[in-house]
Amino acid sequence: MSTRMQTPTQPAATELARPPEAGRKRRAVRLPEQTLARNVLITAVLALILFALSENFDPFTNLRLATVAYYFTALAGLTVLTGLNGQISLGHGALMAVGAYSTAILVGRSGLPLAAALAASAAITALVGVAVGAAASRLRGPYLAGATLAFAIGLPGLADKYPSAFGGENGLTVSPPTPPTSLGANFPLERWQAWISCACALIVFLVLANLLRSGVGRSFRAVRDDEVAAQLAGLNVARVQVLAFVVSSACAGLAGGALVVTTQLAAPGAFQLSLSLALLTGIVLGGLGSLTGALWGALALVYLPQWSDDIAHDFSLSTNVQSNLPLALYGIVLIVVIVAAPQGIQGALHGIVRRSRARLRKNPATQEGA
Amino acid sequence: MTRFIDLTLNGISNGAIYAAVALAFVLIWRATRVVNFAAGGMLMITTFVASSVISSSGSYWLGFFVALAAGLLLGAVVERLLIRRVEGGPPLNAVIVTIGLLILFEAIAGMIWSNTPRSFPPAFSIKGYTVGSHTYLFGPFDVFTVLAVVGMATALLVLFRLTDLGLMMRASAFEPVVARLQGVRVGNMLTLGWALASMAGSLAGLLIGPQVFVGPNNFDPVAIFGFTAAVLGGLDSPLGALVGGLILGLSLSYVSGYAGASLVTLAALAILVAVLMVRPSGLFTSARARRI
Amino acid sequence: MMKTRSRAMLGVASCLTAAALVASGCGSGGGSSTSPGITKTSVLIGSHQPLTGPAAPGYSEIAPAAKAFFQYVNAQGGVNGRKINLIYKDDGYNPTNTVTVVKQLVLQNKVFAIWGGLGTPTHTKVVDFLNSEKVPDLFVSSGCPCWDDGTKHPYTFGWQPNYTIEGKILGQYIKNNFAGKKVGVFYQDDDFGQGGLAGLKQQLGSQIVVAKPYQPTVTNVAPQITAIQKAGAQVLVDFTIPAFTALERLTSFKLGYKPQLAVSNVGIDPTTVGGLLKAFSKGKANTALIEGAITDAYLPSPTDTSNSWIQLFKKIHDQYDAKAPFDGNVEYGMASAYTFAQALKNAGKNPSRQDLVDAVEKGGFTGPGLVPFRYTKTQHGGFGGGQIATIKNGQIVTQGQPMVTDPGGGAITVSNMKQAQVGDNGVVKP
């Protein structure tokens, strides 16, 4: 798990430390040792995979891909905040709303190009994150949860209070982003939306994957593990916590912008408390503190309601049962997965990989031709 | 002036209900260090149970006490069967489990009783008292609401402070290892804590049912306000729950009355942030650890 | 280092597995080559509805009722030999979900048309999509004037009278019958309430002394009602959903405040409101607190068993939708379904999507409605008015004449359309 402390290694030391591998197959591909290079390579590979997928998907599945991508963007930021830095936030749905409304206003009213609007939205949300983070740095545990929950509930009220600016209950509609003419006249809109959303996700992945391994990431973990020790080591705890909030807010803001691109809407009804709770559910379900966990969480958030809906429709039941069955299944799955896999899906997978590797390692004598 | 009195009385009545829900959160937090997001769902189920009993038997008080008993039972069952499994692990896991439980409860209620909200009778008349020419926003049912919550809080206070059982419960929450060494069945005390908390929630449901109607999603706002009140007052302090509920009820009533309904949720946020900035662990906190 | 590499490998492998999962979500299509969703023997239509969540009460009955109506029509041979299949998906009144399910209905299920999408904040988010995809978007379940724009949204049509029209009709009645009395308005703080208030203001002007909005998420309405009472309003107009009509009634009862009540048809259904007031009536009728209230009706009262339409709807309800209460929501669903079946019939033997839209624009529909529709090439509004009714003994009893008007500054005139009888249009046999 990425939350474990890393023993500092250098390339030479690793060579010496590796045991003799007389009978073992050499891995054909070796990833670079440098963090940045490695992550850039992984990002490039992922980009290629996503490109290939989006070429082959039908429009609706491309929309699903875009949805998974923007959920990943938000979840990645949140898992860094909560998993790495130990601050619980029930308000990230509201931060997504800030990003969404910013994008909607910048694109719709000011006619800014999309890329600039998305970047600006992330920046605006990061600014809001400074304020929220500053307040949050004084709070711990359930008090932080309560304050961020109040934030999640209170903020959408602004849309109703200033209907001329924010469109009130109906919110703001944004016209769909037009693909550039260089891609051809018939380039499907949904694929373009998927590309934009995936681009945001890949950028966030690259930045956070590097951050996890950097000094900043270590300072996050240090503050989470023991505030007093971190302070004694010279870290400014409050500043670290605010930084974590800012990073996760920027991700949430970008995700909100991608949401606007995908759904063409920014309305209070889309950013209720249930969204914040869903985000929290996503990171825990996927595996706290890991980016792959954020991916599992994003998939779960998009596909779990879909699957429970499909299963419910397979039975023909009375209306009451039929309309509530998807929710019941969703709740049951949440409970069962957390109880069965306390480290989330990523943790469970990691455990399986580790156990099977241990089992293989247990019988080296019988395998190396004696 | 009468408007101010009306809003104050309205605030006290609502505040009592928020206080009851806040008590539910506080009791569970003190016992098991879990924020019970399913509190709103649990009190919704017990109120539905009361509604069914009242419709079939015709007796309000039978339904009332059945709901309280159902609350005890439901709290115990949830703790034993579910929370027990996540109590030792990462704290967020318990939160997610309670969120899943909330969704499940709301879905089950929709399946059994349908999504159409039903009318819930008040224990006494809701008609306001008339003094002179003005009918106040406070009637026999509001008096009952305040007295019931105060009564329950007092009963719990007596239980915790003056009985052996209460001492055992407090010990189990504060120092489980030492308590075990003294022969206290800590597990049972935790279950009892959940049961009492759930009962407090049931009372809140019975008191606010007439005002919000009984439906799967109708108790979410009161649960959220109850949690806010609990955080406001300090999650470790039952007195804080009462005070927090009162403050929240009064403030929201004044804001709604003088500034407009659309500002209510923003006002709740502002109040909570204001209090937490000054007292990061709520109004009534125990001694804080020394910070460097 | 091994850890990092294996983690990265795991990451890439996860992404590939994830992709496989996403790909497995691909759906299947269906339908003929001319317009999707229609074959020689069936036509597929879709809808988005709040089946769960805070907006579900009451509204969740509409789509099952419509489905029941279509089942009855199908049992009689369908429309032009085609059975009507309605798929409705739950959006929980969350606009993001609305966008997802509607795109799913259009792109995956390939429906022929959308019927009865419910809610203003929800449906406004899919109107542009449906119009750009040229999908007929018939009879939105909302009275927002926004659907009434044949130039901007040629494929979208409203059905129920829009809120401003309602406000005008109620306002005119109050102006004529309660001249000089102070009027207070209690309204929902969105298109519904604000539209109604605009119509009322047009007719009543300064007779309105106080107007207080409410948020559907805050059930404590005492601050607003006390303010209205304090301003001395002798007539109170509620532009409220049933839950808030009930809350207003209970608060007024608490305060001993007894104004003359007028309520939008959205919030007056006696079965629904009475059900919410039941526990407070103590032996008297459930609807005691709304007795004498004025409203504007555009359909016959669900309790009017002498009406041929109510007899038909009740028969269909008892056969196909018996679990639901027989109330205004069920009647709404069936009446709207009737209009859809009628439009489909008028669209011809082999209709394309454009044929369906043209059929609605041609208009001339008669049915259970008390007033005519406002359907032309440019007007896509739905019912053009209503008839004043009063709650007598818990039932909606119409009086006077049906009136029609427009959402703008147009005059209010008497309509001379007579209500059709069941079987008149050959859509359904009694």
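By written order: A, B and C. Residues from 1 in each chain.
Criterion: a residue touches a chain if its C-beta (ideal position, glycine included) is under 8 Å from a C-beta of that chain, and two chains touch if they have at least 3 such contacts.
In this text, all values refer to a predicted model and were calculated from it rather than measured experimentally.
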{"item": "Those chains which touch chain C and also touch chain A", "value": "B"}
{"item": "Interface with more contacting C-beta pairs, comparing A-B to B-C", "value": "A-B"}
{"item": "Rounded Å distance between chain B and chain C, as computed from the means of their C-alpha atoms", "value": "36"}
{"item": "Distance between the centres, which are taken as Cα means, of chain B and chain A, whole angstrom", "value": "33"}
{"item": "Chain A residues counted as touching two or more neighbouring chains", "value": "160, 320, 323-324, 327"}
{"item": "Two or more partner chains touched - positions in chain C", "value": "51-52, 56, 60, 189, 215"}
{"item": "Chain B: positions in contact with at least two other chains", "value": "107, 110, 115, 216, 262, 264-265"}
{"item": "Chain C contact footprint on chain B (complex, rising order)", "value": "3, 6-7, 10, 14, 107, 110, 115-122, 126-128, 130, 135, 137, 139, 210-213, 215-218, 220-221, 252-253, 256-257, 260-262, 264-265"}
{"item": "For the chain C and chain B complex, residues of the former touching the latter", "value": "51-54, 56-58, 60-61, 189, 212-215, 217-224, 226-227, 230, 243, 246-247, 250, 253-257, 275-280, 325"}
{"item": "Residue ranges of chain B in contact with chain A within the complex", "value": "29, 35, 37, 82, 85-86, 89-93, 95-97, 99-108, 110-112, 114-115, 216, 224, 227-228, 230-232, 235, 262-266, 268-270, 272-273, 276-277, 280-282, 291-292"}
{"item": "Touching residues (chain side chain A, partner chain C) in the complex", "value": "2, 9, 14, 30-31, 33, 38, 42, 45-46, 49-50, 53, 56-61, 63-65, 67-68, 160, 168-171, 173, 175-176, 190, 259, 263-265, 267-270, 272, 274, 291-292, 295-296, 299, 303, 306, 309, 318-320, 323-324, 326-327, 346, 349-350, 353"}
{"item": "Residue ranges of chain C in contact with chain A within the complex", "value": "1, 4-8, 10-12, 14-16, 18-19, 21-23, 25-27, 51-52, 56, 60, 64, 89-90, 93-96, 99-100, 103-104, 107-108, 120-122, 124-125, 128-129, 189-191, 215, 323-324"}
